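As structure tokens, here come the structures.
In the two complexes below, chain A is the common chain; its partner is chain B in one and chain C in the other.
Right, the complex of A and B next:
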């Protein structure tokens, strides 16, 4: 403002002063309780079982109580498309990657003692209906050797798995047709299935009692600042840090910028989009900057059928060598099952419509061949859910991103996220609070393996 | 005195008429020059005071506080540059104007002769501070903080106005120099007790005393950096300065009336030090540490011995510089990680070694390491309170231990250990920040060479 030209400027000056002084038209303070806070130390994008598990362990492991402010941003509070709610709910230790086995073992211990972990004062205890019936993986001649070595690894890690020959199979499970089965591995302890919705609600309740804030909104933008540094070999690299998250409120144009120190990407099937928002993968392909997060949505169908002559109460979660699986559901001779489609038959993940022909063509025949009683069954209902499918090696991504330094990933579990959620939550919380993994070492699941090309592949996947 | 007041007033047109890219440079330079002028006042010739005019005077108590106030303005301006960089130009200028106005009122408060003028300016300092906290603070809680700050201080100081008017009626004057000579001993009676309370409560709230301290953590945490700096460094000392001035009128009643407040401040300093050990928010920790140090000052002023007055004065100056420096350090952390939680930004020594040196020195002065003036202040107060009552040595000793504990806890949590992954790319320390820390620390260390400047009128 220069006082050199006075004529005609007085009204302008007056207008300027008025614009600077606080509001002419007085608006009464309106209710903004639906908005997230303006500041949060940790923002967890995604309120499914992984996101809530991370929130739970962050609050549980923080050294002085109440140190960290955590905000969980979930777009859909009905969880209508979330993988957690639509999951079949199995938990097994029969993996070939040792870290997966360790994660699963801890998760089972968590689920078994869930009412000690997730107890809330004055609230009823949780009943996750854990059926410890075990998993039964069947292998043909081709896969028998792999199965044996897998079982050895599993036993080393502490899982209780036994190998069964076709003869023993027929003795134990008379309803199985062992044609084509060379070997089977049966989990005797710590395996089974449970109610994922109950776990989700239990975590939600507990986490809210620990002081985590929830926000019903969608993350639309990350505001970040970058700085250039040189690596030890002299090449220039750009490190980014996110310092603001724009959360858009549902069904409205309003958004709230949340200032944050850390972002945890637990968005499940939509993690790839969140990572793109943060600038992961924006660069020439083949470089670390250009490595995208290879997690995308894949649709999987689950069918519920009724078979009055079907296998009984002791039925484990059976996974056939062809990839089809089924498990008992409830006490009325109902069964849940499905099959992973091959790469060519991948359904369009745009919606969650169910293809019933898939059951007729791809699920029923192998199951009917394996369990003759399933030749007569009636499909009661079906639904579809998303896998947060890691197209690289179908195992989770856990840990920070090397370039966007304050974004941590906890996603990409490709169908076994629910069973690893409690352990993954603890691992991420340890990474955030201590800087390294303390109980289970998930360094093989780091993001940089996508750039370096080191696959952590399972030798038998569902 | 006009040689300080007029330039400070003229800093305001300077900000409004400077070119946009010269605002910070102009104001910082000129306020540094003003602070150099105020150094003249430190040369106190005798243990009487230097009468500058009919309405202003300085003596060995107010001169160091005046110098501290004027020294702090360039530091505040340097510290605010980053968080104001994204604001529109007019708002930046408004912010600087608020700071300058606050500076003006504070200068006049510390040098006021007439106690009513002191009171008016004491209240006037609330306005710019409130505006700074509520308009430029970071979180939604700043409104609550502003309300607490405003109403605690107002409720405490309204009785002071009544008391001052009453004294004016009785004595005929409130000119401080005359009051020194004309004051009569105040006998013990109900109305004199109320008069004592009315006089002292305003300053107790300002210090703050332990039971009335709730406004301080809120205000300090929610204020922007310049607000926190001026609150911690100078505004709290207003309370101490006022108490030291007004107790001249209140003898010998203070001997009996002081007991409850002595107990509150002795107990309070241990309680607030212990609370510091459990804090997770860095600014909150420094705010509670301020309460703890000021409790020592209250205890010293209430004892009213020569040594305790010397200790109180030294402690006020030392704490002003140390606390302001700690807030600047916490702010430099906050600007980088956008979070005030201590455990989310650890292991900074490896990433920012020079800043770690400043952290170390600030923590060491906070825990009163010899030979800094912090130690001189604390030591004099401890010795005086020991002679007042032997048992206080236990409390004082416990406080010194806990102060050392939380200062080192703060240092170790933020600096040592393995750094977290998500602070790998924080920006290195700016020259501006390093200069800020150095300018805080340099007077502190230089004063330990010649502490008699800050030991007050009793020396």
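Right, the complex of A and C next:
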């Protein structure tokens, strides 16, 4: 009897030892569900609207279903500093670069059919609270010719934009003071503003139902290997490949190395730091190795004010020639607005404190001159958020890095990332799965333009 | 989990048996009563195939969505052959609405969905009025309507798929549209109404019964400020009388109850206001049927009218304290459990 018992015990002990050794199914005695998995096909750094959009399209376009394991690493689950949550939420097609117009058109179609794209069984449908009120861009004498050519490009791409003279402006919007305005372009359809938080939560919910893993942590290190090759002209090139991503758990020293095949940099305002970790820009300046990712965080203020005699329900998103903008918020005569500071006045992006003097000096005067009703207003609240500002040409960076071969960028949108997020997500997913863009060609947004010096300058930046 | 198979009841032995690991193993040993077994086994069968059931539900949902898309497809052949007005009329008639050409009578399909194709002969006659109440028109379907450049009245009452995006699309009709009715559309909110300021010739706008509008009174004031020559109404009583109607149109959302004598006479005679059409809404859209956006009458085919603005009946609870509570009742009455004044003593 004793013999058989001991044999039973021995076999149990043997089984346990086998499971600890590599190759066995190790069930650790404590709970490790907060740690990311040890292997993941794609690691997306950044869980904002762009990162989640990439995750969604990867899961949607993969063949067969369930083929790719995607991990989204987000440092702050409350999104307290994320650009998505602090955004004003506008969407427009009035850009000067055709790719931007196409991205925005695709995204707005996505938003219109959001309940077909992001439907989850047994969950209520999403209401992103879209206001189809359009954008009104005003131009002075100097900018009128540029605006005309921009509108031509926009109409060619299929955006419904019309030009208005000052008299037409006065007829349509009697509360505008058209002094100094030579031309205005007005988006009739598919432009307006919506609730970005709803889009974020909708994407998050859908992406979780599709099986994407989330990790609450910070990327602290990339472990990569290099290989040397020669180009056709005989130059030596060092190609890097990222093998592991070290994810440090929030408020702890513990980290988990995640073995991955691809890394997607969608970290928004912090993309520059992630790129540096991966070794982008470590080399003599002027070479491809030495070209850094020129995305840095810039602070922008948004103010909410109340003006009892202000413009009514038909108010579009008005962007003045001076750069100051405002839009209606709700039904109670409240307005949101702000202004992008010039290069010299850039505030320190270290924190998200609001500078109210900026409103007094730089935002209020041009708006009060444009809309005389705004001479009496009271600021109700204000907040600040980051732009992932591309210092090179204020347009996004999409696509793989030429040297760090498995790092893809989806960042640098300088204030229009939210309105292009669904389209950019699809573009990155196509690049990852097929190797080239299929719906919208974003080759002009490749990283190599920073080295070659080819600017894709966007003129209509707000 | 092994349910559905008969196993003899042996509770004591398996608890100490090596075969059971922890608490979950116990249920393997216990067999169910015969009467409950059948029901439980069906549920167990479905629960074991959770992802298959989920996939089936998603497929059914997709089919509903595709059905709506199919209804809103463009009729390009008719448009090329007979012109945009005929194509628009065909589209509306196919959906189950009514069309009025300039100088002609209202045309509507019958209960089986058939309609005469005589209107295809009116090649140059423009369409003047469209009644698409209750139809499953969505954003794509509006393509056909926007080609009708001389449309004067458009009724989109109780259309389950017309939302703010569709309203933003109505600006090509600005030159001619004089009357627009959006009563009872569940997806329209004040944000969509803000885009109606392009329609400068609008004289009558019916925005009653919009459940997604947060502040109907304030919205009406703001809309009237936005369109000074337009009269916006919240009571649904200002719409033009439909074809062949004698009295004020007794729409279900008006303050009058449904069984008013107006309704009885006009139901059969007046195809434009056929109440049986209402049963198409809101169930034609599965999403809406499951998640009515604040709509109160997803429970019944006919929507109950608004409660009259008169005094509401008093609730029976808490009971009113009678003027002279008897001594025995005093304590009970104070706590609210006492007898009502009407209760026989």
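The rule is simple: the second predicted complex is superposed on the first by the 434 of 462 C-alpha atoms of A that agree within 3 Å, B and C clash if a C-alpha of one lies under 4 Å from a C-alpha of the other, contacts with A are read in each partner's own complex, and residues count from 1 in each chain.
In this section, a residue touches a chain if its C-beta (ideal position, glycine included) is under 8 Å from a C-beta of that chain, and two chains touch if they have at least 3 such contacts.
As the structure is a prediction and not an experimental result, all values here were calculated from the model.
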Examine A:253 and indicate which partner it touches, taking first as chain B and second as chain C; both and neither are also allowed.
neither
Which of the two partners, first being chain B and second being chain C, lies in contact with A:10: first, second, both, or neither?
neither
More chain A residues in contact [chain B versus chain C]:
B
When the two structures are overlaid on chain A, which partner does A:188 contact: first (chain B), second (chain C), both, or neither?
second
Name the contact category of A:115: first (chain B only), second (chain C only), both, or neither.
second
Classify the contacts of A:312 with the two partner chains as first (chain B alone), second (chain C alone), both, or neither.
second
State whether A:436 touches chain B only (first), chain C only (second), both chains, or neither.
first
Please identify the positions on chain A that touch both chain B and chain C, taking each partner from its own complex.
none
What part of chain A is in contact with chain B in the complex they form?
1-3, 16, 19-20, 37-39, 41, 62-64, 66-69, 226-227, 229, 239-241, 243-244, 259-262, 400, 405-406, 408, 431-436
Using the touch definition from the top, list the residues of chain B that touch chain A in their complex.
16-17, 90-91, 94, 138-140, 278-280, 337-339, 341-347, 418-427
Residues of chain C defined as touching chain A within the complex
54, 57-58, 61, 65, 139, 164-165, 167-169, 171, 189-195, 197-198, 214-215, 218-219, 222-223, 225-226, 287, 291, 293
Report the residues of chain A in contact with chain C in the complex, numbered from low to high.
112, 115-116, 119, 121, 124-125, 127, 129-134, 188-190, 192, 312-314, 328, 331
